[in-house]
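Below you'll find the structures, each written out as structure tokens.
In the two complexes that follow, subunit A is the common piece, with subunit B as its partner first and subunit C second.
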Partner chain A sequence: MDDDSQQMFQQECSDLLTDMEDALLLLESNPHDNDQINAVFRSMHTIKGTSGVFSFDDVVNFTHVAESVLDNVRSGKIEIGGDLIALLLECMDHTKILVQLAISEKNITAEDKSKENELLTQLNGYLDSTKDLKEDNSLQEQALVEKEDIDDAVDSKYWHISVRFDHEVLVHGMDPLSFFTYLKKMGNIISLTTIHDQLPLNEDFNPENLYLGFEIVYDSDAEKQQIEQTFEFVKEMCVLYILPPKDSIARYAEMIHALPEDTMRLGEILVRSGAISMDELENALQLQAEPKNSKNTPAPLGEVLIDKKAVHEEVVDAALVKQNQNQNMSKSQRVLRVDAEKLDLLINLVGELVIAGATTNMVAAQLGDEKLLESMSGISRLVEEIRDNALNLRMVQIGDTFNRFKRVVRDVSRELGKDIKLTINGADTELDKTVVEKIADPLMHLVRNAMDHGIESAQDRDNKGKSVQGNLELNAYHDSGCIVIEVKDDGKGLDRDEILKKAMEKNLIADSQVISEKEAFQLIFEAGFSTAAKITNLSGRGVGMDVVKKNIEALRGTVDVESNAGDGTKVSIRLPLTLAIIDGFLVKVGDSSYVIPLDMVHECIDLSDQNSDDKEQGYINLRGEVLPFLKLREYFKEEGPESTHKSIVVVQQGNYKAGFVVDGLLGELQTVIKPMGKILKDLRGISGATILGSGEVAVILDVPNLIQRATQISHRDTVNISNRNSQTLH
Partner chain B sequence: MISEIEKDDSKINLALEGELSIYVVDDLNQQLDGYLQNYQAINIDMSNVSELDTSVYQVLLRAKLLSMNNNKELNIDNLNEISQRVFDLYSLNDIFHQTSTGSH
Partner chain C sequence: MNEPQLSTDQFTESNNSIPEDVSDSSSHGEKYLTFHVSNELYGSEIDRIKEIIEYGAITRVPLTPQYLRGVINLRGNVVPVVDLAIRLEKSINPVTKRTCIIIVEMKSLDGEVMDIGFVVDEVDEVMDIAHDQITAAPQFGTDIRSEFISGMGKLHNKFAILLQMEEVLSIIELMELVALESKDE
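Let's turn to the complex of A and B:
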């Protein structure tokens, strides 16, 4: 299996398994939804078919049994309910494992094998129950036996021809013997079985009528159409099915794969590959058009063809894969799958282009050549557009990540014996693929926490007068250059006093410390805060809330908690949209340059205009609003020349604002974020570095962290002042 | 088409000859029905058959099945090359070689 095929197989299985999971979860709420039942069957069936094409026997063998059960569900022989859905979900998980093993060419572990056996036993239990039903129905049984007999008769190398002539065929001068003799000219009749069940032994017998049917095993290199042409003269007077040799399945599959990739329907694919003839297609389409049942839903063409023994199931599967590919190809004018590494390389190069552009701009400015400056301005605009578009290439919707939680919520609810409904909002919100990948684990922990510790048991909720069903929301939206992801529950909420008590016990805060509600809730993210007594197997997955916070901060994000006792908790994660390039605002502090992400810059004001008392206290009065500020010179211990005319850059993140005191404002620039080395990665207040056009390195400020610092310093000073005042009063 | 070679009260030896096709099948069927009613054992010699089509083969098959059902004997003997080819193709020689079961 080459890499492309492997990737295609893996992607297809992954998509099908996701579809299957979605359909199964929908079936839980509405077990009679035939569309979903069909969707689950189709997914399992296609995985089996595709695995067959690649000879992944383990996958085929397992999915075959699951597919048989689903087929019985479709035909109404097995009633689908909670237990079977749970079993099928487990089968889906196991199929995922088998597919992975098949791709990596590894053997199944003893543990997985034992799980497989357990699942097969349960699946066979459902199949056995349908067999009992079948025994009561002799007609069905007879049909089954007949089919099995015919199947047995088909040797892998040979054609199978099944022909039933009209009774009047002999009267019209057509003797089957002549057709069979002609067949012998193109190949060998390996066996011919004469079916005489319809031959009347009573007076109804008309000797001039033909009552015999024929099943022929035929060895020939002829094409299907040639074989069919043998019966050309009687095609209006017979029912003819020509099933190609099983050996040729691979050949047909190969031919199907080799077909030009234009949009074709299933029938066209099968005809063009030679798997069925045009006549067979027309007959099947005619049959398909006839209402099969009271619901007037036509059976899929593939099923009609298989039922009519026109083609092997495997060939139909290959054609369906091809059809999917074709559909994907037609989509490809809009969607193209690109290796993530290639995208990363492109974005890196765009980053370098941005830096080189900045250098050229600077040189142009130094030269003072107007034409050059004008030309550079055009190039800069284009570079900016290229940058934005390149970054957009990495943007993916968060919906796929959110959808994973449907299953988690379902499983965990059952485990906890709670009834929890998950609502997803903003699934189409886009963010950088790397961020999406890295946020999945912290989100998982928050979701589990909300279900385990947040949402109360049905009994407790009932006692509190809440609806018995708990609600969990996953929301995503864009807000000032960031994406905000919320995990919101309507559970019991956080108990501020309890948190403070625990924090004091663990010496995380001092007894006398004045703590705001926001700060109190932030304590849950402190290492070692976990309330060990409450840890269940759900939370004990080696990831504490402190790790959640660290992971989010590593993405230059912040996490915020709002909670009302009794009403629930909302954890908001705020993340930058991208990790690679941003628009920055360049400021000067001493000899050094600093970059503030432009999205967060609210305004710039002159520090000298401000009241000097306020300045000493670490905050200013900004149009009636208290604005804490941070002197970057002091914070970063800059020793260069100090400006007499300082400015405050007002930054905002969410609802929080702060000011940074700087020596000079140098303006906007495109900033390529270069990660800090390992030694510097834990530095607070710095999220990365960038190279300026001059070659100078500028530090990119971690604004959320610095806002927090500014607020804390200001708050501490305020508390100290108020403490001093109260001491004075006493 | 059909001639009686030898007979007694319970047994008759017949010979089928010439072109046995749909043109003669109705008569042949009636005659065979008659013999089946009147005799316990019938032997049919096929050595002089010059043509045998599916309709005749079907009549012979039905006669054989009837004989088995009625606990009688019907044997097809001396297949020449022409008739042998048809009998081989249709692959029901097992039935033609069976003796009466009496319970069918």
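Let's turn to the complex of A and C:
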């Protein structure tokens, strides 16, 4: 198996499995949703088919059984319910494992094998039950059908057979005509409609292909099985629907969905499905043509038909959905799948373009030629647009990531015995693909934490007068050049006192330290901190929240906690929209240039304006506020010429502020973030590098890290000073 | 911590490769690039070397070990540059017009390929050194860490120390040293 097809297979399977998962979760809330049952079946069927192409027999064998069960669910022989959905979800997980194994060409582990056998036993259990039922069920079914007749069954008293042959069926030596001749032996063909929508009118037409489909209204006393056997030889080469007399509307609706024809007129669909007769349709068409109730606009055909009680509303709805789907399909066909590598290359090139543009701008400014400057500014604007558009290409909606949590929430809430509802807002918020990939794990942790520690058990909730069902929200929205992702629960909230007590126990803070609520909540992100009294399978090991914070910071993001005891907790993650290009602020320290991300720069002030006493200490008085600062020159051990006119760049991250003392301010610039390579990835105080217009490399400062450093240094100094002061006072 | 172990692993690996080459083609040799660092002549196999560029525009990265001279912009990529003289524990010569940066391609343990540059005082020449002209590294007589040397190449009437580049520019070791320096308060 070469790389390309392997990747395609993997991609296709993972897409299908995701679809299946979504469908199953929807089914859980609404087990009678035929669309979703079909979606699950289709996914399973396609995985089986694709795996067959690559002869991954393990996958084929397993999915075949699951598919059989689903087929029975589809045909109504098996009732779908919570247990079966849970089983199917497990089957989905197992299929995922099998697909992975097939791709990596590994053998199944004993553990997975026993799991598979267990699943197969359960699946076969469902299949067996249908076999037992089959014999004695027909009578019951008949009775049921008659009972439901009034509301749910169509009026037709004939069988309806709908068949679409594969194009190659003639090539394989099958003649459809012979099937119809055979059908005649068992009963009467009342009507036969030929569907020729797929007949190509141009040079694509291949005289050896069969492009026709057939809708047959059939009168017979034969069993369904017998009719099915007619088509035994072409079973693999056609789409076949056999609907018994007075079948439920839902089945007809399902068939309408499954038929391959493109946008077709509603009436025609209905006639083809045999749901209404040709006469009824003609009447309806006449009615539509005449102005209805003296209104000038003709009523939609669907409404007319319902008015005439010619068809049931449900059937019309299904046909309408089908038409809408056809419209959606044309929309989705405009979406192009592009290799991520090609995109990365494009973004890299755009990055180069930005740098080259900066260089040219610099040269143009030096030359001072007016015309050149003018055309340069035009180019700059275009480059900026290209940059934004190129970055936009990599933007994906966060919805897919959020949807994964539906399953997590379902599984975990079962495991914990809690009833938790997940609400998703802003699923269409976009952010960079690379960010999306990296945010999934931290989010998973936060969600699990919220469910395990945040939301109380049903009984506790009841006692507190809250609704028994816990609520978990995942929100995403854009806010001033950042994306904010919130994980919000309505659980018990964070207990500030307990956090502080715990932090003192673990020596994370000093006993005497005065701590604001915000700072207290930030403590939960310290390594080795966990408030859960008992460790559960899910969380509470005290590793995790610190990793969450680290991961988010690695994406140049921040994480904040808001909580009201008793009302719940909200964790907000704030992330930059892209990792590739930022606006930077260039400063000079000694001989070197450093870049500070512009969105973190709060203001710049002159150091010489400050009280000279303050300068020697690690902090200054900024409009009555204590601002710790870091002398970058000393901290980075720079040796170049020292400026006599120094500035302080005040940076802010979340609620923390600090100043960096620099030798000069060089202004704003657009920068492309370049990875520093493996060797330099663990550097403290530095988050990356960028290339300046001059072609030189400049280092980008890791502001959160440096703020922390500044705060520590100034804190140390403050303690020293206050000690000194207290000595002099006494 | 496990750094010595790692380097011996790599050393044995490289030791294996040399006798193999010898048995294959004892009369044939390989091409080496020779260069001067701190008034001594060194050599490296040529197929490892990507390019030689003029010395200039190196950006110092603060809080890194001294042997890391800085980073350069190599056609849009940020490439770290090692000061070979310091790595070999020699004295540094001032930068002249002849000072160069040699870019080599290194593979890290997980197979990722990355470029690293190193500073030399002067590039000498490219020459064939037959296998029988290469002797094992002397146990005594050099003050360079023995695992850095793959052999001594005899050319005309002088010797070049042939460097074991995997060791000299060992990515793992460099990473550990950077991390160590960075944690040091």
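Following the convention adopted for this analysis, the second predicted complex is superposed on the first by the 385 of 730 C-alpha atoms of A that agree within 3 Å, B and C clash if a C-alpha of one lies under 4 Å from a C-alpha of the other, contacts with A are read in each partner's own complex, and residues count from 1 in each chain.
Simple rule for what comes next: a contact is a pair of C-beta atoms (placed from the backbone, for glycine too) under 8 Å apart; a residue touches a chain by one contact, two chains touch by 3 or more.
Quantities reported herein were computed from a predicted structural model and do not represent experimental measurements.
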Quick check on the superposed pair: does A:K637 touch subunit B, subunit C, both, or neither? Answer first, second, both or neither.
second
Considering only touches as defined above, state whether A:P207 meets subunit B (first), subunit C (second), both or neither.
first
Is A:F180 touching the first partner subunit B, the second partner subunit C, both, or neither of them?
first
Now for A:E696: first (subunit B), second (subunit C), both, or neither, which partner does it touch?
second
Tell me the contact category for A:H196 with respect to subunit B and subunit C: first, second, both or neither.
first
Most subunit A residues touched (candidates subunit B, subunit C)
C
Please work out whether A:K678 is in contact with subunit B alone, subunit C alone, both, or neither, and reply first, second, both or neither.
second
Of all the subunit A residues, which ones make contact with subunit B and with subunit C?
none
Subunit A residues within the subunit C interface of the complex:
348, 351-352, 355, 592, 635-638, 674-686, 689, 691, 694-699
So, in the complex, the side of subunit B touching subunit A is made of residues 22, 25-26, 28-29, 53-55, 58-59, 61-62, 65-66, 69, 86, 89-92
Using the touch rule from the top, collect the residues of subunit A that touch subunit B in their complex.
170-171, 175-177, 180, 189, 191-194, 196, 199, 201, 205, 207-208, 210-212
Write out the stretch or stretches of subunit C touching subunit A in their complex.
57, 59-64, 68, 70-73, 76-80, 108, 112, 114, 116, 171, 174-175, 178-179, 182-183
